[in-house]
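Paired with subunit B in one complex and with subunit C in the other, subunit A is shared by the two complexes that follow.
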Partner chain A sequence: MPGTVATLSPARLLLWLYGLLVVGLPVAGLAYALLGSVGLAGPLAAGFTGRYWRALGADTGLLYAALYSAWVAVASVGISTGLALLLVLWAQPTLRRPPLPALLYVPLLMPSLVVAFYLFQLLSRAGWLSRLSFRFGLTANLEDFPELVQDGPGVGIILAQVLLSFPFLTLLFQAIYQESRLAEYYQLTLTLGASAAQFRRRVAVPVLLRQAAPTLLLSFIATLGAYDIPLLLGRPYPQMLSVYIATRLQRFDLRELPSAYLAGFLVAAGLLGLIGLLRLTGRARDTASVP
Partner chain B sequence: MRSRLLTLFLALLFGLPFVLLGLLAVGEDWRFPAALPMRYSLAAVRSLLAADNDLLAGLGRSLLLAGTVAVGATASGFALARAIARSRRAAQWEAASYLPYALPPVLLAVLIQPFIIRLHLSGSVGGVLLGLGLVALPFATLLLRSFWSPQVREYEHLARTLGCTAGQALRQVLLPLAWPLLRTTLVQTFLLTWFDFGLTNVLSVGKVRTLTVQVFTYVGEANAQLAAVASLLVLLPPALLLLVNKSALLRKP
Partner chain C sequence: MLTVANLSKQFGGQPVLRNVSLVLNQGEVLAVLGRSGGGKTTLLKILAGLEAPDAGTLHLRGQDLGPVPPNERQMVYLYQEPLLFPHLTVFENVAFGLRIRRVAQVEITAQVTALLDELDLREQAQKAPYQLSGGQRQRVSFGRALIIRPRLLLLDEPFGNLDAQTRADMQQLFLRVSRQHQITSLFVTHDSREALTVGTRFAYLDEGQLTSFASVAAFVEDARTAIGSELAFWESVQQKRNMII
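Coming up: the complex of A and B.
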């Protein structure tokens, strides 16, 4: 209505336009994907049908992609968190001295696609490590070198994700360590008779993990939806979720589109549901812990 | 001793990508099982200077895209953060700003692609700009949100009370105060766009050949030398930023 627009202040108009972009566009996309999955939208829309949803039970591709992505995300975030905790809790003096803090910023400047290309050149059977192992007589031919990229368990993908995320998590934990004054708590616990191991296990690790939980969750979701790295270092089967959906959408057969929309809708709705659920449980825990 | 070993190990771990990519960029006839290239040549690097070089065009395209998105997102984010700070529903607007991050960039691109096609923006720079803006704008807004504290509002009021116009208060009070955070936002949104591959590749259907898209194309063509040169070009601006001014990359608490 023109009258409504006329009464809007420039700030409110700006906010509504912003809302249209950041909420309206993704939600409209989600609705379009849902409509596409029931045959009501898309280039070959021919009226309502539930056959793509029913076919989901017979098609294990999406389920495998989800399970494979969950495995890679859990392994990557788990290893990165473990390494970052090790560095922060066992190498505290080194972390405070140059050049280590600056050194940890270097991987943050590497795009994931470049890291994937580098690891492919390093870890593939014709890669640099394989050449070195051949030179040193550890392997006699290409096949002797273990399959570390484009492998079944996703070792290459996990290594690339860890290389990118553990320095970031180390910097994050280090910032929390300093802001939470854990060094002072360490002295206090020693004075009270606890051991260094008890301080790490009962004080430092819970504080660091609790405060870093939202970032860890975001890292998990980012890894779950990773595209660049699995595109280069993954296999055609099983694929990670983003690669699986993008591959299905880019096929020439337009009849594949509704099932690709369905996959996109389910993954997006699943991720949003997961975030919502975690926010709700987090809020409930915070409320319960208030005396 | 243990400390030095750790530092040395991490320096090797993070330095090796530059060494290996450098060797790939200048090495020729580097076949298995040779540990080092047979010959070295700067031909691929030198070809960058040719006027019709595809990589150089990709570099220019990436710089232009990343620069445009960074400037646009930072300027709009500054105004939006102010509007959110003054809104009665600030918390809801902030929560809404996280929505584009709840979804992986490629999935976001897949979801908005039908609208990009309807707008006749598929395969165009405009479509890519819209997609990247969808990610960069809320990022900039959230980053700049912390600037608009009650204290800053008081400074603004004070400037207006002392006779400044709205424009003068913005130019002479607010912008100088916000400059460190604006600089960080500019750099971070630039890098966010600079690093992107998936969203650009899906929305442009491979037609907008930014540097990261070129890396992927050369890898697909098994042209490791040009892929390495393109990768080094991708690494160049962030490395320069880190060398010149680390503080520009980081948000001060």
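Coming up: the complex of A and C.
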């Protein structure tokens, strides 16, 4: 109605536009991908068909990409979380004085592609470490140097993700440590008879992980959907999800597009479902504990 | 039982405790009155083993506490805030000291349930700390300390954040439980009324110097405690009230 538009304040209008941008467009994209996967949208749309969905059972590529991405995300977030916890719980004095706090911000300033490129230069068989080991006689030829990038288990990708996320998680855990007054809890638990290890295991780690859980989940999802790092440091097979989908979308054969739409739709829907499930579980737990 | 002799402590060249000495017998509650920044918290932290003194000695039942780490002193330090573990239920908060001592589950259940009953917290056993009122939280904190049968309880203005009524209730609860369990305590407060309510012995700490009083009368009469001036104030209020009536 024109009257309604006329009464909208500029701030409200901006809010609506922002909502459209962050919710409307992704939902529209998701809907377009779903329609594309059943032959109702896209350059070669020729009416409804379920053959791309049926073909999913025979195509193991998407499943492998999903499993490989899950492995990389679990390993990256797990290692980063472990390292950050180690620093926060065992190196409090070092974390509180220069230069470590400033140094932790440095990786956060670097674009992920730069980190990936740096690691490629450092760790590839033609890279600096390989050359140094050859120069010092540790390896006799290129093949003797272990495959650390573009490798099967994804060591290079995991290393790059850890390098980017562990400083961020350290700063997050440190902020939670201070806000939750864990230093005072430490003193209290000592007087209750606990050792430092018991304080860490029974109090500090549960408090830190519970409070950081939403951010850890977001880190997991971001790693799962990472593109530029696996593009540079990953192998053509297995591929991470984003590279797998992008490769299929960019193929010259337009008949491949519906199955790429289908893969994109399933990944996005799966992630949204995961977030929804975790929110529901959290809400149910909160409701159950209310008197 | 507890003997403190010539305890001194400085921070950055600034003396915080100066030759503090005191003796505390089993079951006594030493109420230490003093203004903020007088060294009360430092005294408690040194007793708990959380700070090291620059000079002086501490003995508990004849044992030199100097080399004993805080987790082996069996002396619980209670903060002004209850500091309940946010990830644990009321039951598990109270059970904490027994869990870390690897006490059998049956024993834990029996001891914690009995203590929750005593502190009127049975109904709250499975609640999270954020679901409790301020007074209930302090009772849980108190129960968590009592469960390990501390040799000495160190209370740092524990009821300072409570409203007047809850504070009075907690003081009565503290009195009842400490008499029942014969708990020896050092109770720091800046409230003279609270000191008189909970204490069986009295001291005044200011600028790092501790003055112990032989009797309640001596404590009340000392001008530094300001109890005399407060009494005079209430007497004048009473006189005005009588004149109006």
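A few comments on the model shown:
The rule is short, and it goes like this: the second predicted complex is superposed on the first by the 278 of 291 C-alpha atoms of A that agree within 3 Å, B and C clash if a C-alpha of one lies under 4 Å from a C-alpha of the other, contacts with A are read in each partner's own complex, and residues count from 1 in each chain.
Note that in this section a residue touches a chain if its C-beta (ideal position, glycine included) is under 8 Å from a C-beta of that chain, and two chains touch if they have at least 3 such contacts.
Note that this is a predicted model, so its numbers are computed, not measured.
Because the two structures share subunit A, they can be overlaid on it, and in that overlay subunit B and subunit C fit beside each other without clashing. Once the two complexes are overlaid on the shared chain, A:Arg251 sits clear of subunit B and of subunit C alike. Once chain A of one complex is fitted onto chain A of the other, the partner contacts of A:Val203 are limited to subunit C, with no touch recorded for subunit B. With both structures placed on the common chain, the touch criterion links A:Leu21 to subunit B but leaves subunit C unconnected. After superposition on the shared chain, subunit A has more residues touched by B, the comparison being subunit B against subunit C. Contacts of A:Leu232 after superposition on the shared chain: subunit B is touched, whereas subunit C is not. Of the two partner chains placed around the shared chain by superposition, subunit C is the only one that A:Leu192 touches, whereas subunit B remains out of contact.
Once chain A of one complex is fitted onto chain A of the other, the partner contacts of A:Arg181 are limited to subunit C, with no touch recorded for subunit B. Taken over all C-alpha pairs, subunit B and subunit C come no nearer than 21 Å in the superposed arrangement. If you check the complex, the residues on subunit B that touch subunit A are 2-3, 6-7, 10-11, 13-17, 20-21, 24, 32-35, 79-80, 82-84, 86-87, 93, 96-97, 99-108, 110-115, 133-134, 137-138, 141, 191, 194-195, 197-198, 202, 212, 215-216, 219, 224, 227-228, 231, 234-235, 238-239, 241-242, 246, 249, 253. The touching residues of subunit A, counted against subunit B in their complex, run 11-12, 14-15, 18-19, 21-23, 25-26, 28-30, 32-33, 36, 41-42, 87, 91, 93-94, 97, 99-100, 102-115, 117-118, 120-122, 126, 128, 130-132, 134-135, 142, 163, 167, 179, 218, 221-222, 224-228, 231-232, 241-242, 245-246, 249-250, 260, 264, 267-268, 271-272, 275. For subunit C in complex with subunit A, the touching residues are 45, 48-50, 69-77, 79, 83, 85-87, 96-97, 99-101, 126-128, 131, 144-145, 148, 154. On the side of subunit A, the complex with subunit C involves touching residues 180-181, 184-185, 187-195, 198, 202-203, 206-207, 210, 289-291.
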